[in-house]
Amino acid sequence: MAPSLHSLPTTVFLLILAVAVASAAAAASPSSPPGEDGIRVVAAEKRIDLTGPIVKVFLTLKVQNAASASEASYVLLAFTPTEVQHLAIVKATRAEGKRKKKTYVPLPVEPSHLADAPNGASLYAILLSTPLKPAETTTLELFYVLTHSLEPFPAEITQSESQLVYYRDSAVILSPYHVLEQATYIKMPSNRVESFTRVDPTSRSGPEVKYGTYSNQLPNSYLPILVHFENNHPFAVVEELVRKVEISHWGNVQITEQYKLRHGGARHKGVFSRLEYQSRQSISGASSFKNLLARLPPRVHSVYYRDEIGNISSSHLRSDSYKSELEFEPRYPLFGGWHCTFTIGYGMPLQDFLFQADDGRRYANLTFGCPLLDTVVDDLTIKVVLPEGSKSPEAVVPFLTEQHLETSYSYLDVVGRTTVVIKKKNVVGEHNVPFQVYYEFNPMFMLAEPLMLISALLFLFVTCIAYLHMDLSIGKSQAS
Amino acid sequence: MAEPEPTTAAAAPAPGRLRNAFGGVLCAFTLLLIGVLAFSIRLFSVIKYESVIHEFDPYFNFRVTQFLSKNGIYEFWNWFDDRTWYPLGRVIGGTVYPGLTLTAGSIWWLVNALNIPLSVETVCVFTAPIFSANASWATYLLTKEAKGTGAGLMAAAILAMVPSYISRSVAGSYDNEAVAIFALVFTFYLYLKTLNTGSLFYATLNALSYFYMVCSWGGYTFIINLIPMHVLLCIVTGRYSSRLYIAYAPLVILGTLLAALVPVVGFNAVLTSEHFASFLVFIILHVVAFVYYIKGLLTPRLFKVAMTLVITVGLAVCFAVVAVLVALVASSPTKGWSGRSLSLLDPTYASKYIPIIASVSEHQPPTWPSYFMDINVLAFLVPAGIISCFLPLSDASSFMVLYLVTAVYFSGVMVRLMLVLAPAACILSGIALSSAFDVLTRSMKFQLSKVFNDGSAVSGDSIAEGSTASNDTKGSSTSTVNTNSAKIENRTEKSEKPSKKNRKKDREVTGSVPVKPKKEKRLSVLPLEASVVGTLLLIVLGGFYVVHCVWAAAEAYSAPSIVLTSRSREGLHVFDDFREAYAWLSHNTDVDDKVASWWDYGYQTTAMANRTVIVDNNTWNNTHIATVGTAMSSPEKAAWEIFDSLDVKYVLVVFGGLVGYPSDDINKFLWMVRIGGGEFPHIKEPDYLRDGQYRVDSQATPTMLNCLMYKLCYYRFVETDGKGFDRVRGYEIGKKHFKLTHFEEVFTTHHWMVRIYKLKPQKNRIRGKLKKLKSSSKTSSTLAAGRKKNPWQ
Amino acid sequence: MAAPRLPVLFLLLALLVVACRGEASGEGPRGRKVLVLVDDLAVRSSHSAFFGSLQARGLDLEFRLADDPKLSLHRYGQYLYDGLVLFAPSTPRFGGSVDQNAVLEFIDAGHDMILAADSSASDLIRGIATECGVDFDEDPEAMVIDHINYASTEVEGDHTLIAGDDLIESDVILGSKKIDAPVLFRGIGHAANPSNSLVLKVLSASPSAYSANPKTKLASPPSLTGSAISLVSVMQARNNARVLISGSLDLFSNRFLKSSVKKAGSKLSHEKAGNEQFVTETSKWVFHERGHLKAVNVKHHKIGETNEPSMYRINDDLEYSVEIYEWSGTSWKPYVADDVQVQFYMMSPYVLKNMSTDKKGVYSSSFKVPDVYGVFQFKVEYQKLGYTGLSLAKQIPVRPYRHNEYERFITSAYPYYAASFSTMGAFFIFSIAYLYHK
Amino acid sequence: MPKAAGDAKLLIQSLSKAYAATPTNLKIIDLYVVFAVATAVVQVVYMGVVGSFPFNSFLSGVLSCIGTAVLAVCLRIQVNKDNKEFKDLAPERAFADFVLCNLVLHLVIMNFLG
């Protein structure tokens, strides 16, 4: 009877924010962070892509340093608290050079604590490679991804309805700087747009809504907008993914991935009629999905797909020299709010992944993230199980993760295998980048288990012989 | 294995010792191969399908094993399971035969202690094959006790692949019988061993293995009745010996005590009639023993006098005891017999009184084809075996015959007891074959030696050797033959892919290998020829048997009934609907929701979907099952009320009409009606019958067309093809378009094989009555009166 | 700069209102937004006193014409209103997306309704009433006539203006203060199925009343007569949605609320009819300002322990407690009664006990688990006249004794122990003797 | 009748005579057996008086006695010199088995008592 609960705080927050903004505007005294007084955003363009289940935002800032200011080593970026908690990844590049030979150099982005914007908005600092000289302008290309930012409304739909979602944002860019000129484009998957907030000038052309251009916005200004539109993309959310990478120096890398999958869209309400689903595929269960696509490395072998009660016999693997694609179906089509769990396992040739570092250590070069295409992983755990006897492991991941070590036992282990555990929340497809695990390994350990087996067998035979002799002796004693 | 060799070797001359050593090693090797064969012939199900638990009961055992491996023995011991038989619950620890579970559990524990990460499921899947290997070894020992090594090997080889045993012990059919057969045979072996050696040591072991049997299977009563019968037989036939006493008396005492330790048996071990026979024989045995003792002491003349006294006393005692027993029996309900064993003694009992027992297909009496299917050529070899048992009638061989006879009777009553018959048949036919081979080969040997060296001495000692150390020759020679046959079987088994024809061919080739060197010389003497032909014939016969077994293992018995396959022109088509439904239940319903279905699916639902069920395959409470049956066979509203009173949230029905899956709920419906009607007389079977049979087509009775089962199965079925053609029954359904008022469809699997419905909540308002809706308002108001109690009146 | 921003703020506020209605229901049992459907807006003025009292209690009313084409009760599956006042007796069909089923779904979604009909009641209204378990007299012309207990007016009318005083005894529905002045009523009567436990007759007609067409002569005996006729009745659905159905729209009108009343034949005349108090109190009840119970933190534990076990053993002693509060219109007050019962239930109640209360809302009871194992339920089924029904059920399994919980070493068994130990002793002695004998 | 009585008397004394011939170790065993049987009988009587409430204790009690008796008898049979069947079985072996058997028996009894 009221909007779903987690929308409440957001709205409340928006109110506070807006009020504060209003007061700020009334006072007309921009609370500009210290040291950055000089920077102004000359032109800004924000393109929000809502076509998928994940919100992708492309932001182009043309930043200018004031003539009278000192050099600026970084440019700040502001996010609202809700955005921050849904923010999966931020990338920034800077356009170098002139029209012709224009190159984009990636810039590091990190949360900055030195200055904080009003109303709990938090700032991220883009560290410029070369500081911005007074009166110089540069162009920054920003890209960030928000997960769980499309709120299904209505929250419950029947099989025949299609899924409508809310998206909340601001018409103007929330920025600690003075923005001279800006426009925001929101792109939606279909022409079916229920409603959108008008902040003139606002125009809509088909699936795209344009806000702006607005000129000369004060810092920290925020004009909440609400877009309500149809989005029938499968909202596949992996609530929990545990990837276990077992490296065996006998030439195989075995990967086991345990998924806990949920349809994150509008919850399914009332009956599920297989008849409707099978006969009118198009209109019934428009937002449901029945198969998933996983992009695996090339040359994978012995792929299996099962869950806790046995194999699931509905998957096939397309493989070429660049990648292998595993297309598989859960046991049943997933409707809004339905869960399912499954396990995918596959082996890969060792030489594709294990290399010798210059310092003599070995390192495994693996891919981070989740092989499923455009899904959100709420909670990702990667366990790299190094061969028994490997020492001083160290994982190198290009972004912030939580890591620790543990020991796991496998076939006939004695001391157990060192396992590097890497955890990260809120992972999206952009995180599928290579990462390395370095470790030292003494090849002698490879012989441990064979030797163990041999000795065991030897022991067995010895006992057999001993038994025979013993048996004879007993017989004799009784004979006497 | 190697144990008996040296003792005999001590007696035998140097060449004999050598040959024995060789024979021993060969024998061990053969046994190993037989074990491998027994294990690997049961892996077809894993190869063709997947490594998964089969059918129904195994799922329960699997669940119990999981619990055991998680919570340890004591938790398991007094595990009160609140997820089945809602709301009654079930005391698993006290009502289950723990042998299988404990076995698998300890295997799992052992394996994980070695850091070999096998899942509980894997261990469970492969328990049965492992134990069938053990069983074949046990068979070897048993037959060896009766008829020497050769027969032993033969019997072991035959048992390793006897179809009726395979049917219960393929990889994945994780059921009590899998280990029970091993325990059974091994107990018999130890009994005979004790009987032959008369050592208390084996008697103890015997009691222990009997204990294991009691833990494993309800069929232990077979042992505790068969052995007394044998003892009695021995006494009556005047074969009493003190060894018999040693073999039997401790077994009864220790066995009874141990059996009483198993919770599920408990005091039944002394209170129910299944066990009284043993006590009676126990007493008789003592009397007889006493008599013999006196006889030993006295001179014949006095003995007569003593006899009179002893007899009178003994008889008095006997009568007293018998009286007590009879009194006990009479006092206890059902004359102290459990329903199943009663239905064993009186085959018509179950169908008359206990429809639940009758409703289980494996409790039906078997048909003749099933005999051929299950024990194939053995059926013909067995009589020969019996004859050769009688040739020198020893205690052991008489026991074999007795075992066979009883087993035949029981298997005739219940098809599942074909399993008990299988070892007996194997042993006897093993004996038959080996003695046949023995005769043939010895005659060959004799002829050949005669042909070659006319030196009387040589021939003489050869004859002497043949006669005196016949035991050894038998052992070695037959063992060689057997190794060949065993090897053959292995080979065929290893190359299961090639078609039967060339498989048979290469058996012919290999089969004739051992005979080849003799081939060119056999022209000389005619009986030699005959014997060679006979050998060949026997080998071919074995060949047929092997072919049949492999076929049975590969085709007939390897399907794990939860996933079905069908071959069509576009290749293999898989029907995995059951697991689809169970997975849906386990992930998309509340963890405490109750699921009602017919009891066949209870075990699977608890194990795979982890949801509370109302009834399951352990059919201990007839009333509860009858309640569900009644609900299924009553009209929608009545059914809703029954289910609602049981807090049922979901109803699960199995429906094969769309894809033609024959064993679905409509075909089981007669049992629902019968069992329901047995408890609740307002369900009358005739209401559902149209001229004596269940129909759901246009001629079906209105009661049938309005019962819940019909509606849940055929809800919106007509819209699939427009006619509503049922592919199982093979006609169009009677009532095509109807609505559900108290249930709503929440899930239906891909092939419609499982349909899950949810109970709608109670109506929120109660309509008033306008003229046009009088009827409905009346029902709803009565519903109000019934459902809702009214504090202010 | 502020210029473009301000409208945005307003929009934001509006959005916030939409959002925060959830919270409104958070602190009270029901929201406060009520849709009033009328035939013509004149009703708004003619019944202003009633509406005034509602608004005074903080309900915000939205007046719409019943055939307003833009009428809609919900949007995107969310209901826009929490209550419905249906003062449009004669409307043949509602406008917009609303129809009979929409109204009924509205109620089944747990919302409340006041429905007033009169002699011009349309089939639509009658249909809704029927669905709520109340049947108006089918004869469209019929009115309730009472030649004894009519309200004597200056002109000798047709005795269709009835001074009803046969009220239900329930402080919950009619408030603690007794309504002594009779309630004026002019309209059609209805009947409720007595076996229908959900419907209560709040204001019944006197035995001398009957329902017929006042214009025409009485041809056949009237279908509805005597105190079987209900003038005003309430229905509380199983989901505690409350509906008030009155056969007379005038009952709520200013005229009746204000006018004095003198019952025919009785001396004393009240200068003010009971209507005002009646409609106020009943509307309070309908909109859940009274008689709404909630049960919170259900607890149970073994006696002597505090934490809740996942399973009990047979013959355990346990204590069960639950807190019950009543909504007083402004806040949750502890509910005090002595007839709240708890059952320990498995297919039939094994234990049925009255729970004792500490006057602060906590009800508790302690009892011994029966000697039966199985999956039991703690059940509280509390249905009291006028109050919302409580039905709590909490599942708890009860297990039999563990193997080590049976009593050991029974005295009567000591001889057996002695015997077995003696045999063991004998065994040792014997073996020693046997071994050293030779 | 006197003849029968005479027979009986003759029988008794001849029995005792024959029994006197048995070696002492067998006699020990017999004593042991008698003791066990006596205990068993006592218990049965007691059960008859008190009733069979702690049935498991009763069972264990009686069966332990009978068990020991039976085992002892077995032992007696095996170590009996003039028993032809057990020539090859050494008395030590026999006794070892006997002990083992008893241990098992008493273990079970222990389990079963409580």
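Should a chain be cited, it is by its letter among A, B, C and D, assigned in written order, with residues numbered from 1 in that chain.
Simple rule for what comes next: a residue touches a chain if its C-beta (ideal position, glycine included) is under 8 Å from a C-beta of that chain, and two chains touch if they have at least 3 such contacts.
Source: prediction; values computed, not measured.
At the far end from chain A, in terms of centres built from Cα atoms, lies D. Chain pairs B-C and A-B differ in how many C-beta pairs they share in contact, with the greater number at B-C.
Among the chains present, the centre nearest to the common Cα mean is that of B.
The geometric centre of chain B is 59 Å away from that of chain C, both derived from CA atoms. Rounded to whole angstrom, the centroid-to-centroid distance between chain A and chain B, based on C-alpha atoms, equals 53 Å.
Our note on geometry: chain A versus chain D, Cα centroid distance of 80 Å, whole angstroms.
Residue positions 60, 89, 93, 109 of chain D are each in touch with at least two other chains. On chain A, the positions that touch chain C within their shared complex are 1-3, 5, 7-8, 11-12, 14-15, 18-19, 21-22, 25-26, 28, 153-157, 164, 171, 197, 199-200, 214, 216-218, 221, 223-224, 226.
Taken in their complex, chain C has these residues touching chain D: 408-410, 412-413, 415-417, 419-420, 422-424, 426-427, 430-431, 433-435, 437-438.
Listing the residues of chain B that touch chain D in their complex gives 197-201, 203-204, 207-208, 241-243, 245-246, 249-250, 253-254, 256-258, 260-261, 267, 270, 289, 294, 296-299, 302, 305-306, 309. Residues 2-3, 6-7, 50, 52, 114-117, 562-563, 574, 576, 579-580, 582-584, 587-588, 608, 716, 719-720, 744-750, 752 of chain B are the ones that touch chain A when the two sit in their complex.
On the chain C side of its complex with chain A, the touching residues are 1-2, 4-6, 8-9, 11-13, 15-16, 18-23, 25, 31, 76-79, 82, 109.
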